[in-house]
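Have a look at these structures, which come just after this line.
Note that subunit A is present in both complexes that follow, paired respectively with subunit B and with subunit C.
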Partner chain A sequence: MAAGLPRRIIKETQRLMQEPVPGIVALPDEGNARYFHVVVAGPSESPYESGTFKLELFLPEEYPMSAPKVRFMTKIYHPNIDKLGRICLDILKDKWSPALQIRTVLLSIQALLSAPNPDDPLANDVAEQWKTNESKAIQTAKQWTKTYATDN
Partner chain B sequence: MSDEMKSQDSDADSDYDQSDHMDDDDDYCGYYDNDTDDLDIDKPKKSDDPEYFDYELLQIEDVERFLNEEVEVLCSSQKILPSLAKMLLHAHDWKKEYVIECHSKNPSKLLIDSKVIPKVKFQQPISGPSLVCCVCLNQVSREMLHDLSCGHMFCGECWDAYCQVQIQQGVTLGISCMAKDCEVMVPEDFLYSVLSKPDLRDRYSQFSFTEYVKSHPALRFCPGPNCPIIVKAKEAKAKKITCNTCKSCFCFKCGIEYHAPTDCDVIKKWLTKCADDSETANYISANTKDCPKCHVCIEKNGGCNHMQCSKCKYDFCWMCLGDWKAHGSEYYECSRYKENPNIANESVHAQAREALKKYLFYFERWENHAKSLKLEEQTLEKITSRIQEKVMNSTGTWIDWQYLLDAAYLLKKCRYTLQYTYPYAYYMEKCARKQLFEYQQAQLEAEVENLSWKVERAEITDRGDLENQMDIAEKRRLTLLKDFLDY
Partner chain C sequence: MGNCLKAQSNDDISLLRGHDSQDSVEQALGPPPPYQEHVQQRMPVYHPAPNVSRTASQLTEEEQIKIAKRLGLISHLPTGIYDGSSKKGKECVICMGDFAVGEPLRILPCMHSYHKDCIDDWLMRSFTCPSCMEPVDAALLTTYETS
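Let's look at the complex of A and B:
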């Protein structure tokens, strides 16, 4: 581990390795202990089921006083995630608390995949589709999961 | 409070204003009085004036003293600490009577509503002499842990780092407890006890002062660039404030340019609309028009809408290009937009065209007065040099010519009000009241143009005539404001 890394980050990383969250893999980058390669499995009974989604997570200098920065690397059709993979999630913004952890953030993202919230959209076109024609939206999300989030 | 900071609207010289020819502004009659500043002409002095507003222009120190006095009242009445008093006042828009009432009746409800204490206190399990701070995960001794009224304990270093980051992100009075979903606010004294960096303490005190001023209904920062003045008024009304430091003239309620008789919401809507639509309107509000008689191209180079073609000497109105003589009669037709009565029966397309036409009609007049106001500035400069010249040639003295400057200031004021009548009329429903408004607007329009024409051409012999015209124009302006400005 890099010198000068806060005890908090070291501890969190250790726990993530020892007791991983089901359905989530988070590995620190070899060259940068503040940068994590994350893989989230699509939750069952969601349109993202059986997909694997790659994310990047970065702990800024002020962490845990300010929120980690998280982004989807895998294309996903979701009303709260935009084309660039940016996520609209309150705890990553104004509802961040230093008592939250990388683990809790990833769990919240997993929950967001199970329960999209089209009333607080980031991707407006997707949210619109979600509200006007939900079954078609879910169809598209499944299709995208197959195309972009499945290995074979 | 220093002397020059005292109320600008003192009634001390109101007797002086009671002259029969002028309703307003001391300058016309207080003509030999060297104390009067020419710019004071904009300041209404009497309580029957619809634009009259009682306010003070304060420096930062004065406002700090004023806020401390408010806090002191609450502290001594309820026996609480200043830090808590500030939180309560800020949370309730500085309604101190309300806060005192609630605090006497049910203090714990007020404290919960104000996010000073939690609904339920958190019981941190304490075992042994040392504990783990759940933010940095370090083992620390019990006395290094601090909590707010909610009971969530964190170590001093984490509190310090957290407050630093919050202040750097511009959050001051809104800093809450570090625990997830805990809304309890960090009080000022707690913050100062954990914050280690002196420069951030200064920044906190500056930012929180700004927030106190913004949340206080009786205070408003002067919107002038880098202007340190803060206005204080008893009532939060949409009235005119003139800053004596930077000369900005703005509305107390919303802080944008003064806009009587239009109210704050309407002017905001209008300005947004103009910002969106003005490109469409640009072609129509171009700076030149052709003479309706000889078709020579004419550029408007003065504020007056009464044009005289320099080539064929035809007198016409810049707005409608009609014969000027027709405007002298009962009222000035040009300011009234005639709505098409058959509109309901026409197609959507025609309605859209009609809506655009209506907007352009009002926009053009609004824009025209705004441009005229700018040109009026130049007229003022021209008048100053003309007076200089006249005085040098011994045609009257500086005092003799003073009336012309007064006339020019009054003209500016009238035209300003006139400009702001157009957004008002645009959003007005078609009804009898609108007819009255447009009638009065037309009257003011006519008198403003007469005054503009006379100011541009005044000679020393015209003084009586000009003063009479000033009186009429100002009376029209005040009548319109009295009838349509919401008190």
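Let's look at the complex of A and C:
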């Protein structure tokens, strides 16, 4: 399995195990060392507080020359995350740099949960709601957190 | 930011079945005759834009010029041999390998250094420093103008 696995991926995986990021768990799949099962805790003082969100992260063949592919598996009401779980985050697209790591990518995603950006939407309807009636949008996000991201 | 809706999304919904772009090129062209297969594997792959991989014969003239220019610019960036002095940090952030004495490094105008092979691979895709995101272009052109 480890044949041909770049040293960088081995090192990153070891470091993730040795010094885990608070509020984030990332475990490599047993059968595929490039595929990670991720759980991110909803940041406190956000509508996602006390929710646990499952994500999948895949390191493509070109990694670290291209960004990891990351997707939410747990349903989430957020203007920058669409209904398929795809994430609008610049560092996953044109602002990727090989100096970034799995760790920094997941921290950025956690930060995105604390600071939704409805001016750069991926989910248009959610962004619209966020801009026209923010308190209602936050209410819906809290409700979805309760329904889909609690005891999952 | 602000480009997510316009950008052609190549997010794979099933990440486990992540495929590289070479596969899709081959699918589009149909399988090559067996005798060509070995030749194709040895051909260098170029990246005219991030997330685009093509062999030389698949590049447009414009892309070929861009790549030639880029290769020229990269070759003007200073290189060095790691001598064991730890002033510049001892890990290459791209491959996460420690610099070993005698290994060739490349030093960018912002003074960040990397394994030569690691950074050259990146610079062909994006002409920026991975650590500080400083565009390498501008700094280099200023050097040309004053010299």
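Criterion: the second predicted complex is superposed on the first by the 150 of 152 C-alpha atoms of A that agree within 3 Å, B and C clash if a C-alpha of one lies under 4 Å from a C-alpha of the other, contacts with A are read in each partner's own complex, and residues count from 1 in each chain.
Note that in this section a contact is a pair of C-beta atoms (placed from the backbone, for glycine too) under 8 Å apart; a residue touches a chain by one contact, two chains touch by 3 or more.
Source: prediction; values computed, not measured.
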Item to complete: Please work out whether A:P6 is in contact with subunit B alone, subunit C alone, both, or neither, and reply first, second, both or neither.
Response: both
Fill in: Touching partner for A:L84 - first (subunit B), second (subunit C), both, neither
second
Worksheet item: Looking at the overlay, what does A:K75 touch: subunit B (first), subunit C (second), both, or neither?
Response: neither
Worksheet item: Looking at subunit A, which partner touches more of its residues: subunit C or subunit B?
Response: C
Worksheet item: Touching A:E62 in the superposition: subunit B (first), subunit C (second), both, neither?
Response: both
Worksheet item: Does the superposition put A:Y35 against subunit B (first), subunit C (second), both, or neither?
Response: second
Worksheet item: Is A:D120 in contact with subunit B, with subunit C, with both, or with neither (first, second, both, neither)?
Response: second
Worksheet item: A:A99 contacts which: subunit B (first), subunit C (second), both, neither?
Response: both
Worksheet item: Residue overlap on subunit A between the subunit B contact set and the subunit C contact set?
Response: 6-8, 11-12, 62, 64-66, 95, 97-99
Response to the item:
Given the complex, residues on subunit A that touch subunit B span 6-8, 11-12, 62, 64-66, 95, 97-100
Item to complete: Spell out the part of subunit B that touches subunit A in their complex, as residue ranges.
Response: 134-138, 152, 154, 158, 161-162, 164-166, 169, 178-182
Response to the item:
Interface with subunit C, subunit A side, in the complex: residues 6-8, 11-12, 29, 32, 34-35, 56-58, 60-62, 64-66, 69, 71, 80, 84, 86, 88, 90, 93-99, 117, 119-122, 124
Item to complete: Please name which positions on subunit C make contact with subunit A in the complex.
Response: 1-5, 7, 9, 11-13, 15-16, 18, 20, 47, 50-51, 53, 93-97, 118, 121-122, 125-126, 128, 130-131, 133
